[in-house]
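Here come two complexes built around chain A, the first alongside chain B, the second alongside chain C.
Moving on to the complex of A and B:
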């Protein structure tokens, strides 16, 4: 119940954040503007609109998670509201979890809004929507949940600016982790190989959540793949939330 | 108020400066157009470093590719970077069916690089087994570009049968597959292909198709003129000495004005030819020769002493003839240039 109350407050507070509306405005401009690129693409306008709609949902979702997520705890300390909250009969992990759930609820609203807008736009342009398009959105949301958990962890550990830089870097390099696994043969038997393979598992593999190619081209994806990616996302997110709770528990406020 | 006006004028002046600078940047860039592909990282690495935006990067590269084709079509028609650009696009988005389809077609029809077109389309067939357009385009290359090669019609039939077996395949492809098993009529096949494309919504495709249809008309007219030369030969027992003599005999069809700016001429061997078709063929054969020269240089670390060295090294079975019957290739061994 206490977690739910904090989540509710976080949601209300975040939805009033002007950054959210600026980002949503740019996302809408990007999606609607993508049609212009389609004019010179030899009949690829719908594909390009789908590609850009999915990428905009992902990138602007990540930006919202970073900008709002990394300042969650800092804002409470800055406004001195944290002391009032912690004075209540409540565990610190409940506070962290409530904050997290409030933010992912906000991201759910943003993702659903962008999906509805993109879908209507694609249908109005004469395109069709395949099930894979919605599965791609589902996995984007799972990715946003993971990144939000990482942003909350950073919010418990460091300043908003440094946290935003770290989360953004992980969000970019998280799409390239397979480089660490597919190493050329000259790495065989070296300690660098073991180190890089460890990095492959430690850095979240965000390319798992990318179904944009399949969605834009109407290609079927296996249900097992989607389920396993969701399981991976859930496990990783839980790991980050536990670490965030531990970090906040130890934090001297 | 005055300050505001001065500020506004200054801002406008600076803005004009920025526009002028942008025009200079464009002028400098125009000289290096297409070569930016050289600065892209390795195609496989590029896949990893787009931050999850592979498809958007593929789309942007595809648009760049179309601009490149349009620019080259109106300019040198070399298409040097086309293959690399297309391969990068499909590496980023392996399900991008139309990049394989149009890319394969452009490589074969515009760059005269059938091998690259076939390789791209075959890669597309593997990644998109439910796309009937890719085996169809492969069949077209074997039918039209490689019609004189042994086994090409069998391979074309194989790909057409493959296309015909895929759901959603248009009826004409199925009919064509059946037709191929009977009597071949490649001129009609080619005409039908470009006629379908001339109705495309896309300007670039329409322009390519329009040019190809004009070339077909010119070829047909050249053929008619050669029929007239044969008729003259049967009547007079010799070939005419000039077009005027042929026209004077009253058996030549009404001369066509070549819309592409070429002219018809009668060769010393008594064959009517058209300069537009010969120039196009010359460009295509030069591309083949230049590719062979580059291969030779890469292998031997130097340009060959003469063009026959390409045959001697087994790079090609026979050198392509110069399309103009009274001309030969001029090769400079110092620079590796041929014209």
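Moving on to the complex of A and C:
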């Protein structure tokens, strides 16, 4: 009940954030502008539009999760709205979970809106929509849930700017974790290699969530793979939320 | 059962790259049920730190605190507390009615209970006219009213108020004072910090004075000030010139008003001698008033370092 109250309020608060509308505007421009790229790649225009629509949903979703998520708790402390809330008979984890769920609810609305816009646009251009397109959207949303959990963890630990830099870096490297594993031979035996290998195992492999190529080409994806990625994302998300709750539990506000 | 108990409560603020600051040093407090307790101290004395520890916003470095027997770290303790921060801030896009509903939900009140609370509190705090306006743009006084309503939400038996009168105009201060009196009549326990000594003197049963994180004085106001008679004012009539002259020599202040002579004598001993002299030499005592030190005088005296401390 309390978690839902906090979530509802966070949704109402986040939907007023101007950053959200700026990012949505650019996402729409990118999706509609994708047709221009389609013209240069003869016969491939629908594929390009699908590819760009999915990439825009992913990139702008990540940016919203980072910009709104990393300031979520910090803003409450800075504006002192937190004092009267945490003085209520509730556990601190309820607050963290409520804030998180409020933001992922907002991201659900954003993702659905962008999916509807992209789908209508693709159909208007004469394209068809395959199930993989929607599975790709589902995995993008699972990825956004994971990144939001990390943003909430950072928000309870550090300032929005530093938090945004860290989450952005992890989001970028998370799409190319194999870089840490397949290091050139000159790294052999160095402590940097051990550190980067550790990063390979700790940072979630976000490319697992990427079905853009399959969706653009209408290639089937096995249900088992989608379930595996969803479980993989959920495990990371839960771990990050537990860490956020633990960090916030002892925090002086 | 005691409403608040703190045992050897200390708080040290540590920040990377900065010197540690000891804000609270071994605070032992016991506040009984149905008491109105004033918590006095200058800015930075540790009042807000204590209040924030009681509301579980800060974790003490050492020591423990209990509210109605429950550790302040538990949600059960906060069930008993209504808290008003020094400057209450609420979500600006909500209206007062939505704000109270929000806090009612956080207290797990049913919709019927929340409606009942709104009816009661909006009347008590005069919120009806602004019920559906967004809080953004509200004055300090209006926010303080909403803050008080939030503190009273769910009818908690203990109210913890941090500087409830600070920054308010005389009407706002009066309103808060009346509310505190009303809560006292309803047998609530009130623990509040304040700079406004006259209000504290009028409202509180007991006070504590905190200086640099340490408790220096505590007790009933009348007991704290009992032995602190500053001077005695004697109003007399029908004095001879000679009596007037000798009394003026003893007095620290003198003025004549109509047919009366007013002497201020430095202490009770000097006043008693003056009375004896009057009885022997003739003259009438119209009024004999020991001038008690006010709480403000007492408080200010505690803040002034002694010569030894200054050294």
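Just so we're on the same page, the second predicted complex is superposed on the first by the 234 of 253 C-alpha atoms of A that agree within 3 Å, B and C clash if a C-alpha of one lies under 4 Å from a C-alpha of the other, contacts with A are read in each partner's own complex, and residues count from 1 in each chain.
The working rule: contacts are C-beta pairs under 8 Å (C-beta built on N, C-alpha and C of every residue); 3 or more make two chains touch, one makes a residue touch a chain.
This structure is a prediction, so every number in the text was calculated from the model and none was measured.
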Which term applies to chain B and chain C once both are placed on chain A by superposition, clash or fit?
-> fit
Greater chain A contact set [chain C / chain B] = B
Between chain B (first) and chain C (second), which does A:83 come into contact with in this model arrangement: first, second, both, or neither?
-> second
First (chain B), second (chain C), both or neither touched by A:59 = first
Touching A:207 in the superposition: chain B (first), chain C (second), both, neither?
-> first
Tell me which partner A:2 touches in the superposition: chain B (first), chain C (second), both or neither.
-> second
Considering only touches as defined above, state whether A:195 meets chain B (first), chain C (second), both or neither.
-> neither
Which holds for A:22: it touches chain B only (first), chain C only (second), both, or neither?
-> neither
Given the touch rule stated above, what does A:172 touch, chain B (first), chain C (second), both, or neither?
-> first
Least C-alpha distance (whole Å) that remains between chain C and chain B when both complexes are overlaid = 34
Inside the complex, what are the residues of chain A that reach chain B?
-> 37, 40-44, 47-48, 51-52, 54-55, 58-59, 171-172, 175-176, 178-179, 206-207, 209-210, 212-214, 216-217, 219
Mind pulling up the chain C residues that touch chain A in the complex?
-> 52, 55-59, 75-76, 78-79, 81, 83, 85, 87-91, 93, 102-103, 105-108, 147, 150
For chain B, which residues are in contact with chain A within the complex?
-> 45, 48-56, 58-60, 62-63, 66-67, 93-98, 102, 200-202, 204-205
Which residues, counting only chain A, touch chain C once they are in their complex?
-> 1-2, 5-6, 9, 12-13, 16, 79-91, 250, 252-253
